[in-house]
Structures are given as structure tokens and as C-alpha cells.
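Scrolling down, you'll hit the structures one after another.
The following pair of complexes shares a single chain, subunit A, combined with subunit B in the former and subunit C in the latter.
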Partner chain A sequence: MLLACMKSEQLKMRRSNIWIAFLILPIIPAIMGTKNYLNNLAILSSEWSSLWTQETLFYSNFFFAPLIAVCCSYLWRMENQNKNRHMLFTSPVPVRDIFLGKFVSIIKITIAVQLWIYLLYIVSGKLVHLPGFPSMQTFYYTLRGILGGMVIAALQLAFSMVIRSFAVPIVIAIIGSITGLVASNSCYGAYFPYSLMMLGMNANKTEDMLSGNGAVFFISSLFYLTLICLIAILILKRQDVNA
Partner chain B sequence: MRLFFTEIKKIRHRYIWLVYGAVFMVISLWIGWSMSRMDSYEITGQEYFYLLISLSLMNSIFLPITLACAASRLCDIELKGNTFKLLCTMQPRHSIYHIKLFLNSLYLLAFSLAETTLIPLLGHYFKVSQPLPTLHIYIFFFTTYVVSLVLYILQQSLSLVSGNQLFPLFLGVGGTFIGIFSAFFPSQAFFFRLLPWDYYLIGCPINMYYESATREVTYYEIPFPKVAFLGFLLFGIFIYFFGKNIFMKKEV
Partner chain C sequence: MNKNSFVIQTTNLTKAYGKSGQTKDVVNKVNLAVPQGCIYGFLGPNGAGKSTTMKMLLGLIKPTGGEISILGTPFVSQGKTALNEKSRLTILKQTGSLIESPSYYGHLTGRENLEIICTLKNVPTKEISQVLSIVRMENQQDKKVGHYSLGMKQRLGLASALLGHPKLLLLDEPTNGLDPAGIQEMRELIRSLPENYHMTIMVSSHLLSEIDQMADYVGIINKGQLIFQDSLLRLHTHSKKQLRLRTGNNNRALCVLNENKINCTMDKDFLLFPETSDDETARLISALVQEGISVLRIEEYQKSLEDIFLSLTGKQVSL
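Moving on, here comes the complex of A and B:
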């Protein structure tokens, strides 16, 4: 049944043209991050690593959460219109699969956008004639970013499910991003959901921000991921279906 | 007036004030926190300049997406309920556009006033030594209000004409992104004068110079870019007529 839910979510998103935004918007940090890198070559001397910090710093801080929040709001908006929730909940589909179907769609987008960011990073590095290719470490950061991004995506999906407004969850994402930035600069970053993406992407420093602390990051991410999904499914099961 | 009160009734439980209020709170806390962490010798005698440029930067980061959210929330009532057909039989179509614009301009006025008031309040709280630069504060208020209003017209036009709110909100996210990055480049650069989201910084009467050798920041006054701002206002007028025209022709 989960597979059927995933397929139906795919169908719902088919003509939304959401992919255009995810294709175009990451180009902005790639261009501007590269330009900023070129303007500050005297300070940013670690070549590929320095370029990585410039391209991912603001993407993971301020950009990812609102972007994925728009997507999550869109996924739930369809159910909030035209009494679609009534129809959805009277169909013989487990509530768990309804949520997970949407979550899988968001995960797919998160993975695609992270890989796109990495590709843009390599292309921009080559365009500014950086020698060779980036170390595998940056690809590892990209994968860690996916895990951190999944936590934010799950949280936003849960917010959009409970708050039946398109814009309010996005405001929450902005506030979450800022508090995440503050938390990631303290020793509690790995315990705050909105900081996990930034820590995972290692967007702030050339040396690994999680060195010696990697296990805490992974445990924290998996813990939040499980907790948020469980709470969201529980709410969905108990919530009265209002139009 | 009757239409205005009807609009107020429509947004009664939509808490649009909370969107602006939350963003204002975040900006206030952030600027207060950064002032408290700043070593006094770094900005002595330039505290108000620091506040003006920091607030302009924060506006360029937060306001594009905030305005997109406010516009979406204000316009979503009719879109979600598909009530345009009903409304257009009872009131002139342009009044729907104008009332929403007027209502949000009041929110923006309150937000801009609150932000402007924050400057002397913070100055008083942190006992700054610099005399209050009144003219610069007026310019800051003018810039914040006018730029936000133009960006709001853009967002409202998009929110009203597009069936789903994806595109307007993605544009808001893109505007926020441009706002962040424009801070890294000279605001006098021609390219950035073409981007409406950058006008929070272009209209800021203060600029800064970072001396990397001594790691010192110097804030200095710059003349208000009248020609560029006039061009921006013309862009705003064009967007207003263009957006309104498309909304008037929209099939309901």
C-alpha cells in the first residue's frame, strides 16, 4: 500500500513544475558563492574546500528549510482543498502510509537537490580552474546533508500536516533556520533539528565540524527522524478530519 | 470603507500580524544579541551606523520571503475557497486588489515604524556614544517601507494570478537568497541595481569598509542613490499596473 501511496503522490506532483524551482534556485548560491570565492582568494586559500564553504553556507543555513517547506505545504495543500482529506481518509489506506508516501516524495526531492548542489559545485570549481577534483570528503558532507535535510523535511511535513495554511509553515522554517544557525554555533547544534543540515554539510568551516562527534550527529538525526514520523502518524490517526 | 472592514473580517483568524510580529521579534533579538556580543571598541562612535546597516541587511534577508508569505496568506482565502466568481459579482474587481494592497500597506507601515523605533531604543539600552543620526533614520524608514511595498505589490500580483502558491513563494525564497548574497558584493554594482530585492541595501545610507590587514571595520555615510531609487519606484508603478491588469483579465 505504501508503494501505491508513493505512486499517487508522484501523480499529484506531476504537473506542479516544482522541479523547475529546485533546478533554478540552487544555481544562485553556485554563481554567487563562486564569485565571492574569487573575490576573496587571499583569505580562502584551501581551493575546493574553500569553494565548498562559500557555496553551501547560506544554502544550508537559510535556504533549504524554506524551500523544502514550500514543497511540504504544497503536498498537503491538495488534501486541504475541496474536501480531499475526507476522501483520503475514507479510502482503505493505512494512515501511516499516507504520511510515509508524502515523506518518501520529499526525501526524493531532498536527495535530488543535494546531488544537484554537488554537481554545481564541481562545475563551478572547474569553471574557475581549480586543479583536479574535490576530495571525497565533500561528497560525504553532501550525503550527511541529505540525512540532516531529511530531518528538516520530516518536521516541515508534520507542520504542514497540522497547520492547514500554505505560508505559516514557511515562516516557521525561516525562524527554524535562524535558531538553527545560532544552535549550530553552540555546543548543542547536534541536538537541534534545524542545525543538523548545516552541521552535516560542514558549511561553515574547512575542517570537519563533526570530527569526533559524528556518532552524535547520526544518532540525533535518526532519533529525530523516527520521533517526528511517529508523532506525525499518531496525530494523523487521532486528528478529526475537518474540511 | 465597507470593503475594508469586510477584508479585515476575512483575515480575522489568519494572524497575518503574527507573521510580521514573529519576523520583527527574530530581527530584534538577533540585532540585540549581536550588539551585546560586539566588543565596544570595534564600533565605538559608529554604533548607530552599525545598527542601520545590520537592519538593512536583515531586511534584505528576511523580508522577501516574509512578504511572499503575507501576500500568499492574504490572497489564499479567495483562491482556496474559489470565491472570486462570487466576489466579482458583488464588488468591482479592482477593489479586491486595492483593498488587499491597502491592508498590507498598513501592516508594512507598522512593521517599518517598529523597526525604526528599535534603533534609538537599542541605542538608549546599550548607551551608545554616537549622536542619533536622525536624517539617516528617516531614510532607513523610507527605504524599508517603500522597498517592502514594491516587493509586496510584486508578490500580491503573483499570488492573485497564480492558482497555486508555489511560484510566488519560490520567488520569495529566491529573493531572500539574492538578498543574502548581495551583501557580499558592492551595492553600487550595476547588476544588483537590476534586482528589486537588493534595494534594502542600495537605499541604506551607510556602507562599510573592511580592512583585512587590521581586521577593522569602518562605517561611512553614502549619498542616497536618487536616480537608482527613482528607477526602482518606476519599476514598482509598472508592476502595480501590470499586476492589476493581469488580475483584471483573469478568468474566474
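Moving on, here comes the complex of A and C:
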């Protein structure tokens, strides 16, 4: 049944132009990061690693959460319009799979965006004539960022499911990003959902923020993922469906 | 009638809103019994609880009390209002529905919308052409639904409800917002379904005339309570023709007629006679004339279904 839900979500995304946002928006932090890198070459002397700190600074601190929030709001807006919640919840599929089907779509987008930003990182590095290629460490950060990003994605999907406004969940994502930035620079970063992606990406840091602390990051991410999905599914099961 | 032959059966189905102490029963102890293979007209004024009841049958709204059994599967059992996910899915697999206005994704074509439903219902996509031909929408299938007229959207909604050959169809106000030609078409379409596809249909409306033209069985709901439930034929027996007579002295006329063993009742300024043959009419008139009672008015009077509905609900219906 989950497969059916995943396939139906795929069909719904047909002819939607939301991918343009995902293509264009990450270019902005990449440009900003590269510019910042070039302006501060005196301090930023570690080449690829330094460029990574600058690109991830803008991308994971200010762009990722609102971007994924837009996508979550879009996915639920389709259901909120034209009484589609009636159709969705009278389909013979478990309520659990309705939520998870959407979540899988968001995970796919998260992965695609992360790989896209990594590609942009390499392209911008080459454009500023950095020698060779970045270390595998940065790719590992990108993968960790996917896990942290999934936590934000789950949370935003749950917010957009409950809040029927398109913009309010995006505002929450912006506030989450700012507070996440503060939290990630404190010792509580690994316990705050919006910080996990920044920690995973090792945003704006040269040395690994998670060195010796990796287990906490993974456990915390998995804990939040499970908790958010469970709560969201429970809400869907308990609430009356109003289209 | 055998209990099992009811496709939908509810016992004291209730939905109350509001916090404890100040609850309002939107649906109050409704006992529906929808026989198999019929078109069950669910009639009631706006806000009577029709949609809420139908949404409870589909699991969209959780009842606060009572029991539901659909197609032999108990859905909500006594004391346990939480819906069982397994029975919910069993029922939904065999049910098609169109609740309030039709659901659709405006940026997709008609066919693509039906593909989504096929995927969710696990129905082969070749059924799409069948349902499109039933609702006569083959030529519009590749247009975006956002550009459809309301009538077309409504027909697409019916097409999606028909996917997977459901045994039960729940249609909530399916002719709402349609023009007279569209209403006529939709009505004929619905009428043809039980015979052609062996379906049971529950269709709600606030229009008595519509139910009168479509349904075999009627349930009338008012202020959350089911106030009538029987065959349409039975509802019509309430509207037999009567003879209405006004005389110069109704009281004396009544005595005279009673002496002559002519059955009649007094209703305001009139004397009412249940179905009377021509001979009987002639007899009662001559009896009155012989007694010197002047006959002022004599007319045949038929209580319309609207009158019956009005007397049952105490509320003017929109027609």
C-alpha cells in the first residue's frame, strides 16, 4: 500500500513547476558562499575545506529549511484544495501510508537537493580555480546532512499537514533555522531538530563538529524522525477529515 | 426483511460536537437500514446532518456513539468508537463515494486524476476508459480538470467513484450546482447503475423532487434525527387523493353524514373524505341537499409530497 501511495504522490507531482525552485534557489547560497570565500581569502586558507564552510553557511543555515517547507506546504496544499482530502482518506490505503507516501517524496527531494548543492560546490570550486577535488569528508558531510535534513522535512510535513496555510509553516521554518543556528553553536545542538542538518553538514566549520559525538547525532536524528512520524500519523488517525 | 440484506445498517449513530456539558448532537441516534440493490434517498433540509452521517459511514468523521455495519463488516462497534483500520479498508475497497463537491487535482488531466485513484484503489488502468464512457467524458479526458465546468467535474467525480466496481456508492448532493440538463443527466446515470452494475446507492439531497425521481427507499433526516424511513411507495401513500367539501353548516353536515354512515373528518373549514367513488360522491351530496344544507365548495385535494415533508420536518424545503 505504501508503494501505491508513493506512486500516487509521484503522479500528483506531474506537471508541477516546484522543481524550478529546487534548481534555482540553491544556486543563490552557492554564489553567496563563493563570493564570501573570495572576499576573505586571507583568513580562509584551506581551499576546498574553506569553500565548504562558506557555501554550507548560507545553504544550511538559511536556505534548506524554508525550501523544504515550501515543498511540504505544496504537497498538502494539493490535498487541501478541491476537497482532495475526502478522496485521499476514502481511498483503501492505511492512514499511515498516506503520510509516509508524502514523506518519501520529500526524502527524495531532500536527497536531490543535497546532491545538487554538492555538485554546485564542486562547480564553484573549479570556477575559482581550486586545485584537484575536495576530500571525501565533504561528501560524507553531505550524506549526514541528508539525515539531518530528513528530520526537518518530517517536521515541516507535519506542520503543513496540521496548519492549513501555505505561508505559516514556511515562517516556522525560518524561525527554526535561526534558532537552529543558535542551538548548533551551543552544546545542545544535537537535541534541537532544526540544528541537526547544520551539524550534519558541518556548516561553517573546518574541523568536524561531530567528532567523537557522532552517535548522539545519529540517535537524536532517528529519535526525532520516528517521534515526528508517529505523532503525525496519530493526529491523522484521530482527527476528523475536513476538506 | 433479513438483517443481512441491509448494505448499510447503523444503530443509534451519533455525532456530538462541543465540550462536555455543552454538546450539540449534529446526528442523533440515527438507525439507518439501506436494503441491497436499491437507491436510498437520504433527504433533509440543509444542515440536517446528511453529510455528517455519510462522512461517518466513510470513516471521515468519527462518531461519538452508536454502531455502523457496512456490507456485513462491523465498522464501529459498541462502546468502541475508535475505527478499526482493517474494517475501514475492507469497506472502502468496496465503496465509491462523492462527498460534497468533487475532489480533483486541477493541474492534472481527467485521465491523470483517474490514474491516481486507480493506483490508490489498486485497480487496473484499463478501467478508466470504461468509467469515462459510463459518464460520457471520453472526449474531455485529456483536458486539465481545472478547466472543466462544474458539471464535468461532477461527472469525473462520479467516474472516480465507479472505479473498481464498488458494491456501494455514497453520493452526497451529486446534482448540487448543476444546470437543469446536467441534473437530468446525472439523475438518469444514477438510476441506471443498480440495474447495470448491481450496486446499492445512497444518495442525499435537500430536494424532495429529486429523491422522488431517483429513489426506491427514503430516509428523511431533520435536526440530526431520522424521522422517516421506508419505501418511496410508502411515503406516497401519505399523499392519497381526498375529497374536500365546504358547506353552509359543517357541524350539521357532519352529523348527517355520520347518520348515513359516510366516513368523513372535519379539518378547519372543510370536511375531508378519503378516496371516494363517483357513486359515493353523488350519494353524500344528495344526502346533504335533502337535509337543506347548502354545498358551497367541492374539490379534489391531493396532499403533495412537499406537504408531507413539511408536516414531518416542520420546515419549508427549498424546491
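What we mean here is this: the second predicted complex is superposed on the first by the 243 of 243 C-alpha atoms of A that agree within 3 Å, B and C clash if a C-alpha of one lies under 4 Å from a C-alpha of the other, contacts with A are read in each partner's own complex, and residues count from 1 in each chain.
In this section, a contact is a pair of C-beta atoms (placed from the backbone, for glycine too) under 8 Å apart; a residue touches a chain by one contact, two chains touch by 3 or more.
As the structure is a prediction and not an experimental result, all values here were calculated from the model.
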item: Which superposed partner A:Gln81 touches (first subunit B, second subunit C, both, neither); value: both
item: First, second, both or neither for A:Lys12, with subunit B first and subunit C second; value: second
item: Subunit B versus subunit C as contact partner of A:Pro193, first or second or both or neither; value: neither
item: Touched partner set for A:Ile174, first subunit B, second subunit C, both or neither; value: first
item: Touched partner set for A:Phe58, first subunit B, second subunit C, both or neither; value: first
item: Touching partner for A:Ser165 - first (subunit B), second (subunit C), both, neither; value: first
item: Subunit B versus subunit C as contact partner of A:Pro94, first or second or both or neither; value: second
item: Which of subunit B and subunit C A:Val70 touches, first, second, both or neither; value: first
item: Which of subunit B and subunit C A:Pro29 touches, first, second, both or neither; value: first
item: Residues of subunit A at both interfaces, subunit B in one complex, subunit C in the other; value: 16, 81
item: Parts of subunit B lying in touch with subunit A, wherever the complex brings them together; value: 14-15, 19, 22-23, 26, 30, 33, 61-62, 65-66, 68-70, 72-73, 76, 80, 164-167, 169-170, 173-174, 176-178, 180-181, 184-185, 212
item: Subunit A contact footprint on subunit C (complex, rising order); value: 55, 58-62, 85, 89, 92-93, 95, 97, 99-108, 112, 115-117, 119-122, 160
item: Residues of subunit A defined as touching subunit B within the complex; value: 16-18, 21, 24-25, 28-29, 32-33, 35-36, 39, 42-43, 58, 62-63, 66-67, 70, 73-74, 77, 80-81, 165-168, 170-171, 174-175, 178, 182
item: Residues of subunit A defined as touching subunit C within the complex; value: 4-5, 7-8, 11-12, 14-16, 78, 81-95, 237-238, 240-241, 243
